[in-house]
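In the two assemblies presented below, chain A is common to both, partnered first by chain B and then by chain C.
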Partner chain A sequence: MSTAETVLNVLAQVSRTEAVRDHLDLRLYDQHLLDSLATVRLIVAFEEAFAIQFDDVEFEREDWATPGHIVAFMEQRLGK
Partner chain B sequence: MTALPPLDGDLLERIDRWARVAPTRLAHVSGERSLTYAELTRRSNALADHLTATLPPDGAPVVIEGHKEPELLIGFLGAAKAGHPYVPVEDNLPPQRLSRIVETAGAALTLTAATIAALAPAGAPAAPAPRPAPGRRAPETPYYIMFTSGSTGEPKGVVITHGCLEAFLNWMQVEQALPEGEVFLNQAPYSFDLSIMDTYLALVSGGTIVSVTRHDVAQPKQRHAAFARSGLTVWVSTPSFAQLCLVQRRFAPALLPRLHRFLFCGEMLPHGVAAQLLDRFPEAVVWNTYGPTEATVATTSIRIDREVLTRHSPLPIGYSMPGTRVTVVDEGGRELPSGERGEIVIAGPNVSPGYLRRPDLNARAFFALDGQRAYHTGDWGRLRDGLLFCEGRMDSQIKLHGHRVELGDIESNLRALPGIADAVVLPILWEGRPDALSAFVVMTERGTEPDFDLGNRLRDQLSRRLPVYMLPRQFSFLERFPLNANGKADRKKLAETLA
Partner chain C sequence: MIPYATFTYFGVLLYAVVPAVLLGMLFRRIRVWILGASLLMILVQYSRGLVAWPPTLGREFWLLCGYALFQLVLVSAFIRIRQRAKRRGVFIAALTLGLLPLVLAKAQPYLAPGSLWGFAGISYVTFRALDVIIGIQDHTITSAPPLELAAFLCFFPTLSSGPIDRFRRFAGDWERRRTRAAWLEDLDGAAHRIFTAFLYKFILAALIKRYWLDPAAAEHGLWATVSYMYAYSLYLFFDFAGYSLFAIGISYLFGIRVPENFNRPFLATNIQDFWNRWHISLSTWLRDRVYRRFTLAALRGRWFKDDRTASYLGFLLSFGLMGLWHGTRSFYLLYGLYHATLMAAYELFSQWNRERRVWGEGLGWRVAGTVLTFHVVCFGFLLFSGRIGPDHA
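What follows is the complex of A and B.
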């Protein structure tokens, strides 16, 4: 599975929104599909899925504003 | 160090005393702004003078709207000094919800940070007369009114008196043995009574309130910076907020070197959160407290140490404050023996006289027990040797990251939207606790709009009626609800689809 697919699987699960897969420009926080606690769930889920550990204060909400942003962020984070 | 004033003194006098003892000490810090005790007293007196001169002496509530601005504190104390209870509301409430609250409260007026700044400006002269007028501070005088979600969609106002608040504060101050001049975290919105714990414990003990705004909460970098300059010594928040912070590994004594105490309230304290905090902050103590808004912030407490963690999972919610009786009763209101499960009932001076102008609700929830005001919490619980355990709700109220939400409130507001025949809202659980909301909707006519778009549209419409934290994350559309044996929507069956 590609990084993008894994990221979107995790995101769909945490945001309870299958539509994130084909709405890459969806404003997740503005649409109330993510909030601060859900971000924590995402971090934990990504750490598990990719066997990584995030450093502190790595990102701001704007970096994770849409599914597209999150995929790009994770691809860069994983060096792909 | 100055000795703390006697606990039996009038609450407002105890706060004003710090303007004489430590006039330049900071009472409040919010971002770049701050307020000294001298300013707080002088400006709240000026506001009280204005309110006394312009409002009839009928004790009508004053709505105070804003988010963490120093002026709000001036507003709270100014209103109280003028003999008017205040109703704190957040400035991001939908106008419709706000106007319902203003209407239900029978509010005399609504003040914002800007209007308070104009009525009681920074240069306000020292007022001549002591206030409030004598006789206004009887223990039964309403002090604040906290509006909370109501199951029919109408928010209800919990009246808390001077006597209630003093009973709560006196207990906490003695139990926590708080010295003068602690620095308290203020994270909960003022419209959530958890904020009463930090705000008033700080004010009566000459401490400093450090506010973290909702913007700081949402942005890790900003939150980090706010903590770094805070000098916090006493942490007050929901467990959810601590959980949010714990994800950052830098959330540790190096960042908050003076922090020695965590006080939690507002929702169940997860075992794992308490354990993580004790690991991360080995010098700090962790307290769990419990209580409904109707009994003034908190009624029971327990220090969670290693031994408690070893012995209990889930964690207990504590022992009752002195002077207040916590019992567990059966359906007929009879006290149950130790260890048996029933409804938690609270009786004592911290119990509210009732909901504002809601005799229908009051008759069901409030009663007298051995000459004390008593309240049916609607919480399942069990006592073991005086130690109380909470086992969830008897109705469809939930705690969502500390916010008290009646699912019926959201359902009523959904049903009021055009095109909706029926709606059921259920919590989505994470590790057994509510983490988000899911709405199941039956439309009168299901058009061709994709589910996702329709859900977004309904959420948007709902956001004009309900606070943000009450908006469902997920929407599902059904032709009809599965029915239970009573012919009602089968909530259990619907909940199974969320697992």
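What follows is the complex of A and C.
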């Protein structure tokens, strides 16, 4: 499975919204699909899915604004 | 002299601002003048009797100098240790030391009444200093040249009451070479904010205070208190948002694009939304630095059966700290606890509502949400004002 697919799987699960798979420009925080707790749940879920540990969790909400942003963010973090 | 409060201050401010604009036109970076103007304005802001001859430097000025030197030494030492190894114990020690001057300044009324251990703005500067220490631990900050760090900590426009900038963001502007177009853009951003600031602080806030807040404060009884609640909330917004706009506008003139602090907070449709719009630089600091770190540690370590317990404790911790940060009076703590409870209740409700769909999505619901949030928030400010509550005689 590609990084993008895994990221979207995890995101769909944590946000409990299947639409995130097809709508990469969905505004996750504006649409109340993510909040402060969901952000932390996502970090932990990504850490488990990719067997990594985030050193730096000081990103802004704008960095995770849409599913597309999160995919790009994770690809960059995983060095791809 | 209190910043942005009197016309004398604005007169003196011209000596810092006019050269900044002219130098910005001639040079791509004006870093030397950022330091020079900060020193000049700090001398003015923290000196008593500057108008008298010979001028005397106040105790606050020397406390600020000592404080800045202390943080500079602490940060340099911590960077060196961190380069060798990442150790939790050292990080906690560095955080504690960075926080110590603020704790002492807040504890001073109890320990040494009548003395002066802090300076106006110490709580804001401390948040900026802790930001650097946390960044070093995360390795997002690997160097902090002393002059750049001093400029960040003591940048005069935001020294006394924020907004709380972040070192990585500040460093980007500090390095930035402005084109003529960027200089004009900054000038435009500054002019717009400074004029809005005059409207907010010297017209709207001043009118509310004179014709509504002060009369309501003098009266007693339930209706007077309700009236006072609205007046105080509106006054607080226009006064603080006005102040913030002055600070941001003046910063732009120096090429430092300090983050915004308010985004129409009274139009928030729920309490979470409100905290994304009110005193943004403080609430995002607490959300990212305290809430996120605490909840993350709890979820990673599986401290609780339910994730939500971690979240509720995270709110309690961040808003409790916010209350204490405002001051040690009990109504500040009460204000923090009140908002922590609201945030937890809202989180519980919105999860419950996802399944049940009791609270709808349409315009009517949004208006209802805004009206409800406004009142809940105003009641919070009434607690914050100290007019009602445990300390009230």
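What we mean here is this: the second predicted complex is superposed on the first by the 78 of 80 C-alpha atoms of A that agree within 3 Å, B and C clash if a C-alpha of one lies under 4 Å from a C-alpha of the other, contacts with A are read in each partner's own complex, and residues count from 1 in each chain.
We adopt the following convention: contacts are C-beta pairs under 8 Å (C-beta built on N, C-alpha and C of every residue); 3 or more make two chains touch, one makes a residue touch a chain.
The structure presented is a predicted model; accordingly, all values stated were derived computationally and were not measured.
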Exercise. After the match on chain A, would you call chain B and chain C a fit or a clash?
Worked result: clash
Exercise. In the superposed arrangement, does A:31 touch chain B (first), chain C (second), both or neither?
Worked result: first
For this session: Could you let me know whether more residues of chain A are touched by chain B or by chain C?
Result: B
Problem set entry | Which superposed partner A:9 touches (first chain B, second chain C, both, neither) | neither
For this session: Check whether A:43 is in contact with chain B, with chain C, with both or with neither, and answer first, second, both or neither.
Result: both
Exercise. Of the partners chain B and chain C, which touch A:19 in the superposed model: first, second, both, neither?
Worked result: first
Problem set entry | Listed stretches 184-192, 220-228 or 256-264 of chain C, narrowed to the one that overlaps chain B | 220-228
Seminar exercise, completed: chain A positions within both the chain B interface and the chain C interface are 16, 32, 36-37, 40-41, 43-44, 55-57, 60
Exercise. Can you list the chain A residues touching chain B in their complex?
Worked result: 15-19, 23, 29, 31-33, 36-38, 40-41, 43-44, 55-57, 59-61
For this session: Would you tell me which residues of chain A are touching chain C in their complex?
Result: 16, 32, 35-37, 39-41, 43-44, 47, 55-58, 60
Exercise. In their complex, what parts of chain C are in touch with chain A?
Worked result: 134-135, 138-140, 272, 284, 287-289, 291-293, 295-296, 299-300, 307-308, 310-311, 314, 347, 350, 354
Problem set entry | List of chain B residues in touch with chain A within their complex | 217-221, 224, 240, 243-244, 247-250, 401, 428, 430, 435-436, 438, 452, 456, 459, 463, 468, 471, 473-474
